Structures are given as structure tokens and as C-alpha cells.
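We call the chains A, B and C, going by the order they appear; numbering starts again at 1 in every chain.
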Amino acid sequence: MKRKALNWSLGIATPVLLVAAWWAASANSMNTFFPPLSAIMIRFRQLWLFDHFGSDILLSLRNLLLGYAVATVAGVVIGFVTALVPVARWALDPVIHFLRGIPPVALVPIFISLIGFGIEMRVASIALAALFPTLIATVDGIRSVDTTLKDVSSVYRLTRGEKLAQVYLPAAGPQIASGMQVSLQVAFIVMIASEMLGSSEGIGAMTLLAQQSFMIPDMWAGILLLGVIGFGANLVFELLKNRILAWHAGSRRLANS
Amino acid sequence: MTVRNAAAALPRLEVTALSKTYGSGASAKCVIEDLTFTVNTGEVVCIVGPSGVGKTTLLKCLAGLQPVTSGAAAIDGRKIDGPPAEMALVFQDYSRSLMPWLTVRKNIRLPLRHLRLPAAELNQRIDTALEAVGLTHAANQYPWQLSGGMQQRVAIARALAYRPEILIMDEPFASVDAQTRFELEDLCLKIRDDFGMTILVVTHDIDEAVYLSDRVVVLGAKPARVLDVVGIDLPAPRDQISSRALKEFADQRTNVLSMIRKPA
Amino acid sequence: MKTQIKPAAVGALGIAGALLLWQFVATGPMNGSALPTPGHAIAELAALLTTGTFWANLADTILIALGGLAISAVAGVAAGLLIGSFGPVRYATMAVLEFLKPIPPIVVLPLVVLVLGPTAQMSWVLVVIGCALPIVMQTVAGVHDTDPVARDTARSYGMGHAEILLRVTLPGAMPFIGTAMRVAAPAALVVAVVAGLLGGGPGLGQSIYQAQAAGDFPVLYALVLVLGLLGLVFQGATRLAERRLLHWHESYREVVL
């Protein structure tokens, strides 16, 4: 028990200690690229709390969430169709696997060429890029639903809607969730890329602008904020996932014991 | 000594010249060939046979999960063409047949949703089923939190709540320990007595078949054929200790076993 | 055999259908826009294949991706083996790595570009940042999962710590490392392209940026097609490599990611 407490405290203390060390080491820094952490934190507060909160942070987050929502819903729906209709699967598989291999960031210039530099471009890029991980995971999840569960649905004459929503969806849930988590990471990356390539608003755009204008503490403030958002979004996802898929964790724990 | 009343011998499930072949042409594999037998209302009939003879395939055909190649199975004269509404199936692999994301209670409830029952009746059926299998205390647990025997009881409760007229069970007690097996066998008889169900059990355990059945269908050889249908004349109600101690029990057992053991 | 022809045929039809759809959109609703017809894009692709700069850029991208991946693998596995061998170190490090894991390299791209300029070096650093982390974490997980019986047996035979690490722990951790590599390989390509597209590093990423900036849309689409094919090649090669190296262990797959 003592060992566990020690490990826990190591886990919490180490990141804190590292930040403290960074603070101390950079305190009197004259290096242009690595200014004092204190200066960075000052700019962080000035920029994001709450000056550019509405105009840039909320803007970026809104694009992210919108694109992500479209991608995941479309991914699950198309995934269901692809998984359950053999002809659809045979026809779409090659196209899907080709498109998913394109580095997501490369889609941004495509969309810029088609619909310009506006918000639509950003949301569309995010949505298309984030579509594929969820889509592919949904197909995999549904294809690997236990045949016994399918037989149970048939024997008890569940309606088609019940089969899809009450059996297939929860059964494929863990795999769909994994895909959605990757989709979130892809969406985040493309959000930043779409802003850096073609925008003057948004956290990514501001960070790049700061770098180009040699406003280094501002750049660092942007990097830190992006890091916090990336970490935070993933954390929220994990918490939600663990809540909704608690049954899965429980059953696997028992299976492995 | 009571024998099941012959007047009640109304055929419920009739299997006529049932055959099942997988594949076609050169790679065709005939699993079941020309099976004919009948199950009467309120009977417990066990199907026994050597391992791998095709008992599970037969059940899948009867449950409408697979199409038959020739011949037919019929309920009350109506040909089985897909999962019949009056039938429920208890699977051999109980842990895989229960939905791990649902509690015991919700698992039992799942097949009842589309029956559109009033809420009171719905809950009453679930409660009755849980009580019949002795799992009222576990209603809010998840299947994977329960032992193997309890999981199988959940599957049985699910079938019970569905109120089928014909209950088919695929080697239901094969993977539970001996003590639990005896409890579940008695539960099976109790269900037949309380609910008047017609029950068809596939088992490889001859003792179990003799204990449970009114009649035993003996399958033999690959592809499977009906070797004989044996009437079991043991007195009712059956009891694990006294029934199994009867001389007739041993006789019947030997009879069935030798039929299976006989070289094809 | 017959059952294999049908899906392949429908798949080919699917690809043809997608191309026809592209053709229709390019000549119909989006006529005159940036969207070239498939024929135009493919012709452009063929033209590209004759230019020396294209092949130089392709080579750059592949070199950066594979080179960065190789460095990440060697350094990552070595670090993972060491970190995983000492309990307290593992807990301390994993806590920090868990914080960093959800943060993609694009977040620190402005900083790296600032320090190293739009160079190949910058690209290599970004690829290593992107690939080393999952490799380290998976290696640590693999070490943690070492069969204690195997380890004790080795010790009883008088094997030293280093030898045990190399001959018992490392092979045992291979499935974990394999999974990490399977994820890291396509990531390496993606980051290499990002470094070029957003950071100005050499390779196809930069070619895409230039094509888009110059409004050279057929070239842009041709390059994206190339990237799609390259992605397929990477995926296929990774799967092949994994099967070769882990054919004795392919069924055993534990993913910590």
C-alpha cells in the first residue's frame, strides 16, 4: 500500500517539479527563443483571460466541435451502412482506404482551393479529416459483433431498429469509442493547421502570427494554450468514455482476472 | 406409477425428413439426413447423440436461424421459415448470449420490448421469471459479475419471461458444475409443470436425458439420423435422488447408451 | 475463388464510380472552379513524374519520415527499456508522458521552426517528437508486462541485467513495440508532410503549399493523389513488416494507446 502511495505521489509530483524547474531555470533567461516562464505566463493571462477568449478561443473551439460532431455522426452512420450492406462495403472499401491514407493536413489546401479561406473551409477540413477514424472503427466494430448476440436478436425476433440500436451499437461501442478518440486528435490537428494556413483568427493563427512577428512570449502562450486544450479535450473524452463504457471495463477486468 | 397421459399427446412440433447440407457440389457436407420425430405438447424431449453429430445444427434449423435443405419442421402444422414467435432458445454459450452492457433485469427485458406489453405486465413477467430461477437478488447486477450457473439462469429467465410455448435448449448445462446442473435440471422440470411449456433439450449427458425426459430422441452416425425414439416411463414427479436410484433408470440409461455406442 | 472475385469487382466499380462522380462534379456544378477533372489531375501527375524536382521532393519526404521513424524507434525502445526497468522512474516518467501524449507535434511547430528554421533538421525533429513518444510508452508497457517467470529463469541461469534486458525483456515487449510502430509509421509520414506544408521544410508538403499559393490547382490535386498512394504504400509496408517480425506473436496484441 505504501508503494502505491509513493508511485502516486511520484506521478503527481514529477510534472509539477518539472514546471517548477522550468520556471527557475528560465527565470533570468536572455535567450530570445526561450524567455522566462514568468513572462510567458503574464502574456498567457493577458491574451487568453479574457481578451481574446471570445474572438479566438471560442472561435477555434466552435469550429473544432462542429467539425468533430459532423465527422463522428457521419462516421457512425456511414459505418453502419458500410458494415451491414455487403455491396456498399465492397464498393466503398477501396475508396475509403485510399482517402484515409492522405495526410489529413493535406486536405486543407484542397478545401482552400475550393471554398476559400472562410470558416466553412475550416469546419469542412476538420469534418472530412476526422471522418475516417470513426468510420473505419465503426465498420470494424460492427463486423466483429459476436454471432451469438446476433442469433439472440433473431431468435427473440427483435425489430430491425432494435437490433441496430440496442444490440449492434452497444456491442460495437468500445471500438467506435476508440475511433472517435483518434478522430478527436485528428480534428484538433486539422483545426490548428486550417488556421495556420488560412486565417487571421483562432488560436493557431494567433500563435503563428506571433511567431512570424517575433513576439516570442505570445507564441509560447499560444503553444501552451493549445497544449492545454489538446490535453483537456482528450481528458474529457476519456472521462466520458469510461463512464459510458464502464460495463466494458468491468467485463474485461473480470475476463482477465 | 403415473405415465404421462396419452390423451395429452398432441403433436406440437413435427420434424419431417429434415435434412441440412452445407455448401454445394463437390464440397457439400451433409450434416443432417432425413430426421423425423415429433414433440408433443407439454413434453420434455431430449435429443442425444455422439459429439459433433449435428445436434446444434438441428437446433439452429428448428429455431429458424438457418434454412433447411429439404424436409421441414412445423409448429402446429405451420412450416418453420424463420424464427417462430412461439419459440425461445437457450444457447450453450451463455456468457456470450447475454448482453454485457445490460443488467440482468434489462437483459430479460430486451426481448419483451417489441411485444408492446403494458408496463405492469412487463414488470410482473420479469419479476416472475427472476423468482422462478432464484435470481431476484441479482436483478441489478451485470452478467459478467455472476457465476456461470447464474448466467445460464439469467438466460433461462429471459426465455421464461418471453413466455414461449416451445423452449429449446442447446446443451444448457454442459458448462456448469455438477451440483448446479442438478438444480437447473429440476428448474427445467418445474418450468414445464408451472408454465406448461413444451421443452426440447439437446444434451450429451445420458443421465440427464433419462432424468428429464418423457421421450428421448437418439441420434447416431454422421450424417445424423434418428436411431430411435425412446419413451421414458419413470414416475413423475422426478427427484434427483430417488428417481436416479430406480432400477428402471439404470435400464433406460443402458438402453440409450448402447444405442449411441453401437458402431454405425 | 468465385466469392473473392465479386467483392473485388464491386470494389473496382466503386473506384470507377468515385472517379465518375469527380468528373461529373468537376465539369458540372463546379465547372471553372479550382477542381480539375480526374483526367487533368492524372495528366498533371504524369507530367510531374518526369520532373526531377518532384522525385527530389518525394525522396525528401520519404527520407524524413523513415529516418525520423528509425531514430524514434532506436531511441524510443532504448529509453523505454531503461525507464521500464525501474519502478519509480517509470511512474514519474509515465505521468509526464501521459500529459504530453495527446499533444500533437503541430502544437510546437512554431517553436521548432523558430529555432531551426524551415530546414530538413526541423522536419526530423518534429517527426521524432511525434513518433518517439508512443514508442517509448508502448515499450515501457511491454517491459512492465514481461513474464516474471521468464525473467527469473534467466536470472537463475546467471544472466546479467543487460543480457536479460536484451534477450528476455525486449523480445517479450516486441508485440507492444510492433503496435506502436504500426501507429507511428503513418504518423511519421503525416508529420513529415505537416513540417513541409506549415513549416517550410523540404519535401512534398512544401510542394503542396507552393502549388496552392501559386494557384496551380491541377498540380495541387496531383500531389495529394501522390500522397494518398504514398500513404497506402506506408500502410502496406508496415503491415508486411509487422507480420514478418512478429509472425510468432501476431495473435497476441495488447494496446495501451
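Quick note on the criterion: a contact is a pair of C-beta atoms (placed from the backbone, for glycine too) under 8 Å apart; a residue touches a chain by one contact, two chains touch by 3 or more.
Worth saying up front: this structure is predicted, and the values here are computed from it rather than measured.
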### Task
Based on the touch definition given at the start, go ahead and assign the chain network to line, ring, star, complete or other.
line
#### Entry: Innermost chain, where centres are averages of C-alpha coordinates
A
### Query
Which chains are joined by the largest number of contacting C-beta pairs?
A-C
### Message
I'd like to verify one number: the distance from the centre of chain A to the centre of chain C, where each centre is the average of its C-alpha atoms, in whole angstrom.
### Response
18
### Distance between the centres, which are taken as Cα means, of chain C and chain B, whole angstrom
53
### Message
What's the distance between the Cα centroids of chain A and chain B, rounded to whole Å?
### Response
49
### Message
Please output the residue numbers of chain B that touch at least 2 other chains, ranges allowed.
### Response
none
### Message
Using the touch definition from the top, list the residues of chain B that touch chain A in their complex.
### Response
60, 63-65, 83, 85, 87-89, 91, 93, 96-97, 99-101, 110-111, 113-114, 142, 144-145, 158, 162
### Message
Under the stated contact criterion, what part of chain A meets chain C in this complex?
### Response
6-8, 10-15, 18, 33, 86-87, 89-95, 97-110, 112-114, 185, 188-189, 192-193, 196-197, 207-208, 210-211, 216, 219-220, 222-223, 226-227, 230-231, 233-235
### Summary
Residue set of chain C touching chain A in the complex reads 6-8, 10-15, 17-18, 30, 33-35, 87-88, 91-96, 99, 101-104, 106-108, 110-111, 113-115, 186, 189-190, 193-194, 197-198, 205, 208-209, 211-212, 215, 217, 220-221, 223-224, 227-232, 234-235
### Message
For a test of understanding, state which residues of chain A touch chain B in their complex under the given definition.
### Response
146, 148-149, 151-152, 154-159, 162, 166-167, 170-171, 173, 247-248, 250-251, 254-255
